[in-house]
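In the two complexes that follow, subunit A is the common piece, with subunit B as its partner first and subunit C second.
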Partner chain A sequence: MEQSLRETIHENPKKILGVNSQDAKVSLSYLTVAFVSLLIGGILGLVQGLERAGLIQLPSWLNYYQVLTAHGLLLLVVFTATFSIGYLYANLSHALGGLLPKVRKLAWTGFVLMIIGVAMVVTMIVLNEASVLYTFYPPLAAHPIFYIGLVFVVLGIWACCFGVFINYRHWRKNHPGEVTPILAFFTMGVFVLWFFASLGVTIEVFTLIPWSMGLVETTNVMVARTLFWWFGHTLVNIWYLVAISAWYVFVPRIIGGRHFSDKLIRLVVILVVILNIPGGFHHQIIDPAISQSIKFLHVFMSLSIAVPSLMTAFAMFVVFERTGRRLGGKGLLGWLKKLPWGDVRFLAPMIAMISFIFGGAGGIVNTSNQLNQVIHNTMWVVGHFHITVGVSVVLTFFGICYWLIPHLSKRKLTPKMNKIGIIQTLIWTVGMIIMSGSMHIVGLLGDPRRTSDTTYGGHEAAASWVPFEMLFAVGATLLLIGVIIQVYAVFNMMFFAPKGNTEYPVAEPEDDETPTPMWTERWGLWIVLLLMVVAMAYVVPIVDMLLNAPPGSPPIRTW
Partner chain B sequence: MQHRLEEIWMTISVGILVVFMIIIGYQTFALGMGPPSHSETIDPQKVEQIAPFDDPGVKEIAENEYEVVMILQSFGFNPSNIEVPVGAEVHFTMTSKDVTHGFQVPGTNINAMVMPGHIQKISHTFKEPGNYLVICNEYCGIGHQAMSTTITVK
Partner chain C sequence: MKLAKYGLVLYIFLALPPVANLLESIMIVHMHMQMPLLVASGFLMAGFFQLKFPNFLEKWNSNGIPGIILFVIIWSYWMLPRAMDEAITLQVVELFKFISLPFLAGVPLRDSWKKLSSIGKDIVYLYFIIMFIVMAWIYIGSESQLCNNYLLVEQKTLGWGSLAIAACMIIYLLQLIFIDQSEFE
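Presenting the complex of A and B:
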């Protein structure tokens, strides 16, 4: 029985999820929310680009910082979380032969909790009661409902975490001596990281609720900031892990090849899970109250995340070269021509991967003490995360849509839709090169981020930034066009594309691959190691911040 | 073959990261180029009653060496529009009276977070004369974009 299920998974994958339309409904609901938030967040992004360039003036009832808070939260939290959950739950259902009924219930519970949470948060932002930006650093104090809304969002994510843990454990119990399917392994990695990442920010938010209500007089701003970045940067690597799951598992199949060594893939997942959380400290390199030796330790801890990324870069290019040569590519680079550049399911994640070379290099700059001091809080950082999140992650997500959504809605990807996807990918790429490129350069010239207007009374230093800010607006315009095309493509594939079956393009291992060792499944050990790394990174500085704490800060509203 | 290439790739790239760490460490601990990390604290609600912030301003502390005691608050710097001579070494001692601010001088390496409850210090030698723009680079409220001043170096 077990053997036959395994064979079905391998030989006729589309049957599995296709059978279970209830799981498809879960995923489609999450994806719907994701792309509605993308549309709203994208429009808000253009509004900022235009105001920053001085091309429009917002009406008195709406200010730049409200728009920025909403843009950040809708895209960085809502879009990425709902997309990832929709995609990963589909993977889990596909790989494990359907979700357990109670897990499906948990996924719906999570959905409802997140919708309630987002509604509370967005209402407060619209009412101008929470113009505190994505980082909500105290002592800027938002309305208590804003923080309570964030708690609901976290609870929603936890419901999805527990769903994954339960289903994974159930499968392992019923398949003694077997390693889980690689897609389930990735899903487990993402949700373990999500759970431990959100602990820090949850503690922070729980201290801010009574403080914002006036029940507690003051709060420790330094500890709050540190707990925020425990979560804030780990989130980045959660997206990254979601994106590389598609690079490793689906892209090889789409180009007609096999996936890289199963053992190495799992090792990358394990390393990303264990090493990640201390990475957040590089957001605090020029903060007071953290000693230089602790900061140096964190440069090391942040750089260590580069190691699994370098392994990934190697693995992906091996897969491309091997496949291209099998298809008849000759010479040093002839295999490149054999790759299916005209297939959006390949082109979008491929550009995503290439941009990660630049994104990763920029990340190394951000994490290094002295270089960080040059670019901290400048537009360079905004350029950096628009190329990492905005291309490496988002373009991978877009590429996934062109097979995942037709599969879930039992429709087909038409050649016309593929062409629309190619055009979308190119517009997005050009838009991001213009916007992110100009942001990087002007950041080096000192242009600050998160500022509605940077003319500073016409000072000559500020005047040199203006041409680049015009380019932000040009890039942002192209990106909004890209968002509109993508949202159109998603809903077309969800509701209007011709009926049919779409493959779930899971790559197979090479024929001569050695079996994956069972030790990779020791999640208990990975979690212990994760906690040890967190302890190494956080115990000393947080204890120091608590023992040597200044008198706290009262809630302050400056908007 | 592939295994060997992977070993070479990982050795070289991890090696580069290690060299990178050594350079950063050398700059931080041997050359004193580490990031601003001052550890003194202060009551953020009584800043103006506590020395040295009870008397903010520019003070000559030695031959061609100045201390600038500065309070940051939404949405300004106190003192503002300061003047220092060319070639002077300037030590900024700063804190915030309200929310988190940033202290950045574009065109220099001056960039530090200034948080309520904490005293932050950063030093710089202005070698070129000119009118330097000083900005707050951390969002601090509705007037954040107006929070700027200048340093005139003559």
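Presenting the complex of A and C:
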């Protein structure tokens, strides 16, 4: 029976009022910055691909490493961070019934701090004062303003972290005996991880500022690299956690099913939060200052993250099969046909999930000591993160846009826009298969990454890489077309799509599901365990690096 | 009984020579990973002993205090540099380590913890915080090599590791005090 208006207002006010417009403004502002940086970063990506393939020659005022630094920072830091914050704050607002006014203020403070920070960073890159690549570790030294800009970005993220903690705590206090909604739980997990991840890079940047100013003569390169990867690898799993929040909570609803066990989802979040940070060490397998036995012990720590990943894969396939069968799918694989492949809100995250199978397998190669020797610093690594971040994460983000943005701007997703989305997803997928696939292969043939010219005086081994580099350019061209379509779609849905209501597609639990136990809410305990794991991983190598430190490196500028 | 089997598997795994050699080759891993894992294996196996010898445990450990004292003594003994050194040098001491930590520390811990009053638990908890802080002070501060088998740098690493554990325990304590635990029941 249809609910009366009065009942609806009481029981489900969001249905009538839609999103709180002040909260929507926060999210939409972050999303706007995200997609503007996607456009700029995407153009820089194509420029890079063309230069690498030898098809264009960059003008004298712009060099390959500037482009590479800007592409990396704009996409890996700015795009992903602003998108994640916009999306997660929308989730928090939806799940907890609106943001607290002071939390909204914190989100705006974070926004302003991040904009100031990004402006400083980008200015320095454009002035060719900071061609230090996305990883910005010493001995390459940028202008001090570049590092100060990074401090602002981190402060912005912290403002958002504290906003989430305050809102979560407030809800907890006012709802004794209830578990927090799953979307708020995911948001809490992401921001806890973000906070502790950024501690490492903050310490690093604070040692680099006086060094780049010339106040301190040398810096300990190994410690800086270790602190960077403490943050750098955790960032990867922050994106991953954001992406799986959509897989677990929204995708089941979009295909017309229920979500998999609430308890399992929370367990995955907790495991990802606790086990994550030490994973950074597999980025340093080639680094000399870490002993072999420590690297061996770290294989366990890095691979432990495969446990929640496999739990996710299992849960998602169960949801797909269950839903497909409920919709009448027969036989061994008949349920696959029943899934809504023509709906971009499903297709994009589904391709993202499938690509994670390949991305995850490549990740195991990177983590394994012996295999890493073959692929370290080759184009394989570039191919790897273009398939993980560029497909698993980014296609999920793109898929989210098609319901999140119309919901926030109180508009509708039209069938035409859905079709544009499908075309965009397919162009993106093909582009990425061509680009990332050729990067993987040519990496195995030895093509180095982060190098503008790899002709090596026309050596025949280097010449064999050229056809693959041409394929990078082909893939990058398709990807830029994809970026342009996506940016068009985003701003169309934000400002021009027809007015209307778009559902926030949160999946419900199965009817017979047992209630989630309250112990999952013990964030204090999870944080202590996270710190214990960090201590286990980092005390030995860092004390060793400090007590047996080499003389240290002065700032070096290679450009 | 499933837990007891897992405990036994863990115990056998830890006793495998390559595993024991690897874990003992790094000082901090020896003290802060191998030893706690041995205690954990005993803790898991305790169910078997509780089932087999209920009268014995009831008679000698009815209020949990004798068991927890045994646990504290055994663990504290293995925090001594000399004890670790001898475990590597003398086979007999190594054997004693593999018997004492699981069966004289792990098993009594499981049997005693639930029987203890909250004050008893607090005392044990505080004792370990203080012990780790003192160890950090000694191991970081000592200018001379305390173990023949481990270098000075490893000793300092162990000190910092102990400090990190003490810090984690204090943070855990603070969140227990400041967050209403009845929220999670």
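Quick note on the criterion: the second predicted complex is superposed on the first by the 541 of 559 C-alpha atoms of A that agree within 3 Å, B and C clash if a C-alpha of one lies under 4 Å from a C-alpha of the other, contacts with A are read in each partner's own complex, and residues count from 1 in each chain.
The working rule: a residue touches a chain if its C-beta (ideal position, glycine included) is under 8 Å from a C-beta of that chain, and two chains touch if they have at least 3 such contacts.
Fair warning: this is a prediction, and the values are worked out from it, not measured in the lab.
Enquirer: Looking at the combined model built on subunit A, do subunit B and subunit C fit side by side or clash?
Expert: Superposition result for subunit B and subunit C: fit.
Enquirer: Tell me which touches more residues of subunit A here: subunit C or subunit B.
Expert: B
Enquirer: Identify the partner contact of A:547: answer first if only subunit B is touched, second if only subunit C is, both if each is, neither if none is.
Expert: In the superposition, A:547 contacts subunit C only.
Enquirer: So, does A:306 touch the first partner subunit B, the second partner subunit C, both, or neither?
Expert: first
Enquirer: Roughly how many degrees, to the nearest 10, is the angle at subunit A when you join its Cα centre to the Cα centres of subunit B and subunit C?
Expert: If I round to tens, I get 70 degrees.
Enquirer: After lining up the shared chain so the two structures overlap, which partner does A:296 touch, if you call subunit B first and subunit C second: first, second, both or neither?
Expert: both
Enquirer: Once chain A of both complexes is superposed, is A:372 in touch with subunit B (first), subunit C (second), both, or neither?
Expert: After superposing on A, A:372 lies in contact with subunit B but is clear of subunit C.
Enquirer: So in the superposed three-chain picture, is A:453 touching just subunit B, just subunit C, both, or none of them (first/second/both/neither)?
Expert: So A:453 only meets subunit B here.
Enquirer: Between subunit B (first) and subunit C (second), which, if any, makes contact with A:176: first, second, both or neither?
Expert: Touch status of A:176: second partner only.
Enquirer: Just checking: does A:139 make contact with subunit B only, subunit C only, both, or neither of them? Give me first, second, both or neither.
Expert: first
Enquirer: Subunit B and subunit C, closest CA-CA distance after overlay, in Å?
Expert: 10
Enquirer: By the touch definition above, which subunit A residues appear in both interfaces, subunit B in one complex and subunit C in the other?
Expert: Correct list for subunit A: 296, 548.
Enquirer: Any idea which subunit C residues touch subunit A in the complex?
Expert: Listed in rising order, the residues of subunit C that touch subunit A are 22, 25-26, 28-29, 32-33, 153, 156-157, 160-161, 164-165, 167-168, 171-172, 175-176, 179, 183-185.
Enquirer: Using the touch definition up top, name the residues of subunit B that touch subunit A in the complex.
Expert: For subunit B paired with subunit A, touching residues are 2, 5-6, 9-10, 13-14, 17, 20-21, 24-25, 27-29, 33-39, 41-45, 74-75, 98-100, 102, 104-107, 109, 111-120, 131-133, 135-145, 148, 150.
Enquirer: Using the touch definition from the top, list the residues of subunit A that touch subunit B in their complex.
Expert: Where subunit A meets subunit B, its residues are 63, 65, 131, 133, 137, 139-140, 220-222, 225, 284-292, 295-296, 299-300, 303, 306-307, 310-311, 314, 318, 364, 368-370, 372-374, 376-378, 445-454, 456-457, 459-462, 548-554, 556-559.
Enquirer: Which residues, counting only subunit A, touch subunit C once they are in their complex?
Expert: 172, 176, 293-294, 296-297, 518-519, 521-522, 524-525, 527-528, 531-532, 535-536, 539-540, 543-544, 547-548
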